[in-house]
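Some structures to go through are shown next.
Both of the next two complexes hold subunit A, though its partner changes from subunit B to subunit C.
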Partner chain A sequence: MSASQLLIPLHVQYIKSLGENKDDLVYHLTAHLRMNAVYWGLTALCAMGHKDALDRDEMIEYVMSCWDEEAGGFGAHPDHDPHLLPTLSAIQILTIHDSQDKLNIPKVTKFILSLQQPSGVFAGDQWGEIDTRFLYSAVNALSLIGQLHLLDVEKTVGYIKKCKNFDGGFGAVAGAESHAAQVWVCTAALAILDRLDVIDQDTLAWWLAERQLPNGGFNGRPQKLEDVCYSYWVLSSLSILRKLSWIDSEKLIPFVLSAQDTENGGIADRPGDLADVFHTVFGIVGLSLLGYPGLVDIDPVYCMPADLVASKGLRKDWEALPRRNS
Partner chain B sequence: MFTTSLFPQSSPSKVNEYLSDDLSLTFGLLREHPKVYWIWNHRRWCLENIPDGPSEEDIDGWRNATWKKELFVVEKMLEADARNFHAWNYRRYILATMTSPPPPKSELAYTTRKIESNFSNFSAWHQRSKVLLTLWESGELDRAKSIEEDFELVRNAMYTDPDDQSVWIYHAWLIGEGNDVPRLQFEITSIQELLDEQPDSKWCMESLVRYKRLLVTKHAATVGNEAVRSLVDGCLELLEKLRAIDPPRRRRYEEIAEGIKSSR
Partner chain C sequence: MALVAALGAILNSPIPPVGIEILPGDPSAWLPECSNNRPFLFEERNLGIPLKAVCRAYLEASHIFSNARKAGLSSVETGDVSLANSTSVLLLANPAHQTALNTRKILVDSGFIDANVELDFTAALLSSHEASKHSTLWHHRRWLLRRSRRNYSENIDEGDDTLSGIALSVGDYRSELSIVSRACERYPRNYFAWNHRYTCVRSLVSSINRLRSNSSHSNLVEVLDEECSWITSWIERHISDYTAMQYACQLSQLLQETSHNDVSSHLTQSPSENVLHSFNFQTLRTHAESLLRAYPDHESLWLYLRSTFQYSGTSIERVEDGSIVRGLILFVRDLSNTAPKGSGQDTSLEDKCGIINLHACRFLSWLARRLNATVGALEGNGRAINCSVDVGILADSLLRTLSTAD
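Entry: the complex of A and B
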């Protein structure tokens, strides 16, 4: 098949096939990312308008089998310790499937809040690794379950401010170099907290626009290689800043399409590499933000279906490119 | 605390030995997988659990020795990949946490070496900005004087590869809010000279627009009406050129030009 179009049926098939072969070595190697992978697969399906391609009840059952009643959080896999990343994914999956009633909201709220450190950042789990990704996970999750009022917003925003660099971007921890993925988590967290005023918006949008390379793809930092997932971090951040017009979508779209596996489905980090569900979802969601025909609107703040986020009253003031007819 | 529960039967010197051995063993693993989060985190955990010792007089002895070794490990890792952000983050963590870190000036010298061996190493420029802020704050370096020196360093880099955005982003940091009018004027002249040699240099034009706008918006009274008019015309001309040579980002140049025109 030709890679000049998004091969929606093939990608749906690819995502369905991922859960099927449990003897696959890759399945075991990626156990620590299983819950995230389910969320990535589901979000990709939602963006392609095939939310029901994976069995809803089975998915909810899987999510709940990762719930750690004692700790109040979700693990990535039934026998794994709870962590913020799978906890956010679990909450997103349950929200997409209109099943928040399965959640013990007071308990999971307590778990999330317990991971905030005195500096304002969040640890991923009891072992204490800190990262602005975990801060975003906490803010997003609390917002989705309507518990954001329990968060110390000043303290949280205070840490993001410490991660701000002279190029307008943000790093993983205070002092770290700006990186597109960390820019997205910080920008999206600030959007949820209604604190985009923290950002030097013209400088950041400039830095983001300079991530686009002559081949159309985006890198995550100056003088690095392009990668499909970086296009999502950059596009979502630019759409939150309402500056998507500062890059060339006509050059990005063919780059993402060229990273498709035209035989077995899925999208890779760059043309010729092996496809995976991570690059599949961020490739497709990126295309959705660019108005690619036939896709469903995705909210760049929550990385979930835009209609759903809006119906919960959580939509922020972002702007994607208009959906095209063909 | 973790240490006593993990190694309940062991003497402090045994614990120190286990942890040092573990750090040595996992160094090989790190070289093979330099971007795996948990390996780096595991090293942090080991470091934080080095017990007091070897003696009451020297309770930081083991810690200092191990942390110093880690600084060496991280240097090896940055030799293999000078942009590895895990390694840079770990380096900052070590320097911030060790009990007797090398002086910040030696870290500044480290970034100079890294930058001089490759001007495109934005990670090193970034680190340099952080170290300089510390040195200025503590008074160990005179801000004005060290900025002066860094403009020289950047100038070399600009002439070596005018297309390298790392250098220009750092240059913009040195200029900062642009409160120093003679400096702005000097840099504008010198970038213009480079542009005359390299008439298609996008980053020369981008930077000229940025600094000319600073003069216009912040120092109109100082530079006078006539100069403002010619700076504005210069910006619009450059933006027109940028639109042509950098089409992916043309909307940005157009928006800046519209902003300039509407405030004229």
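Entry: the complex of A and C
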């Protein structure tokens, strides 16, 4: 098959196949990412208009099997400790499947809020690792379950400000190098909190646009290799800043398409490498933001179907490129 | 299960391995007469374990770990050995296994695992390419250091995962810094290793500030001095490593912020003998310019030069002396002029020339934005950065704008 277009049926098949080999080593080696992987697979399917390709009830049952009643959070796998990252993924999955009624909202809210530190950043779990990714997870999750009013917004925004670098970007913690994925979590968190004023928007947009390499792909930090997932972090951030036209999408689209596995489906970090669900979802939702034909609109703030986010009254003022017909 | 026990005994020994390497292929390739329970090499505290054996051990360990957890963490005490063994094997194969790390923290808290031994164990894990990129292992080290070293401040904000306010010894600092250096050699641009380094060096500076008259003070200052010369030479050996250059700027900023205190007063005693004394943004800028002259096709160096202008006190908007800015523009124009020109036959040379021009354009357009200068060649939006604009025209028009402003 040719990689000149997005091979939707093949990717749907690839995602369906991921959950089938529960005995193999790879399944065990990736158990600590299982909840996130389910969310990535589901979101990719939604973007391709095949939300129902995976069994809804089975998925909800899996999510609930990872609920830790005592802590009030979700683990990545039934055998794993609760953490903010899988908790956000669980909430996103339940929201996409219109099943928030399964959630103990007061309890999960308490869990999330208990992880905020005096500086405003969030720890991922009780052991105290901090990262702006966890801060975003908390803000996104609280917003989806309608509990954002319980968050100390000033304190939260205060930490993001501490992570702002001279190049306009943000890092994982205060003082850390700007990194496209951390830029996205900080930008999206600020969008949810209606505080995009914190961002030096032109400076950041230039830094983001400078991530595009001559081959069309994006890196996440200066002078690193291009990687499909960074096209999403950069595109979603630019989309939130309404500056998606600053990059060359005509060169980016063929790069993402060239990283497809044309035999078994899925997308890799770059052409020739092994495909995985992480790069598959971010490749596809990136294409969606560029208006690639046949895809469903994805909200760059929540990384969920745009219609769903809008129906919950949570849509922010982002802008994607118009959907093309062919 | 015997494999997990055999590996676990080595990994959890009071003297853990110093290095761990996963060897490609299956054990018979490495160990012609290997026993099924010991299909790995362990010599001079270096563990080499073939990939196929790692996979088998991982599946065994998953099973043991899962059963032990099902028994409930409340009965952790009874299963300490199997938890210690299984978690160490899980982490060997899958260093991102956070729940295994959490369990080991519980075992440290309960006194079953000694924190210093655990620091050695994680140092061994971090010696592998794959493990060294995981943020959770670096956090684990900081957690262990906070648990095992004395606090000298009552106001430690543990929530910020800091090491400042913790009484680390000269040996502790040297050890952390060298583990980071090794990790950055094995996994270039290692994001979380560099973050760990910055956390350590912030702690070092705060320790120096505290111990004004203490005898260990000068030893700590020596570590900081070594750090300044180390980062300078690291950058010279890794001219594509913008992460290191960003770190150098953070370090310079940290020193600038503390320049009124004891660090500098100690230094006045022997200014000519240490690097620390002259480690500032002016020096870094000269450093960046000299490297750029030699390697103008390296994006990192262009951003290094930008960075040296951006930290507080040196931001370019505050440079009142226009000659610095003019000098910078002429520097960029010359670099671009002296770039190797392609002959039409040598495409790699042509590519190189194009890349230098791109970086020079991006630099000048950045400068123009910092100065709020309107430059005709850059009208419009950020798309211009990915188009090729003539550097000479850009530089001249920027110079004209400056003269008008004067």
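Throughout what follows, the second predicted complex is superposed on the first by the 326 of 326 C-alpha atoms of A that agree within 3 Å, B and C clash if a C-alpha of one lies under 4 Å from a C-alpha of the other, contacts with A are read in each partner's own complex, and residues count from 1 in each chain.
Please note the rule applied: a residue touches a chain if its C-beta (ideal position, glycine included) is under 8 Å from a C-beta of that chain, and two chains touch if they have at least 3 such contacts.
Being a predicted model, the structure only gives us computed values, none of them experimental.
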Superposed partners subunit B and subunit C on subunit A - clash or fit: clash
Subunit B versus subunit C as contact partner of A:Q223, first or second or both or neither: both
Which of subunit B and subunit C A:D269 touches, first, second, both or neither: neither
Which of subunit B and subunit C A:A209 touches, first, second, both or neither: both
Subunit B versus subunit C as contact partner of A:H83, first or second or both or neither: second
Partner chain in contact with A:A123 - subunit B first, subunit C second, else both or neither: second
Partner contacting more residues of subunit A (subunit B vs subunit C): C
Subunit B versus subunit C as contact partner of A:W246, first or second or both or neither: both
Intersection of subunit A interface sets (partners subunit B, subunit C): 127, 129, 166-167, 171-173, 175-177, 179, 205-206, 209-210, 212, 221-224, 243, 245-248
Residue ranges of subunit B touching subunit A (in the complex, touch as defined): 37, 41, 45, 83, 85, 88-89, 92, 96, 120, 122-123, 126-127, 129-130, 164-166, 169, 172-173, 247-249, 251-252
Residue ranges of subunit C touching subunit A (in the complex, touch as defined): 55, 58-59, 62, 65-66, 69, 93-94, 96-99, 102, 105, 135-136, 139, 143, 157-161, 189, 191-192, 194-195, 198, 202, 240, 242-243, 246-247, 250, 298-300, 303, 306-307, 310-311, 315, 355, 362, 365-366, 369, 381-383, 385-386
In the complex with subunit C, residue positions of subunit A that touch it: 25, 28-29, 31-33, 75, 79-81, 83, 117-119, 121, 123, 125, 127-131, 166-167, 171-173, 175-177, 179, 202-203, 205-206, 209-210, 212, 214, 221-224, 243, 245-248
Subunit A - residues contacting subunit B, complex: 127, 129, 165-167, 171-173, 175-179, 205-207, 209-210, 212, 221-224, 243, 245-248, 251
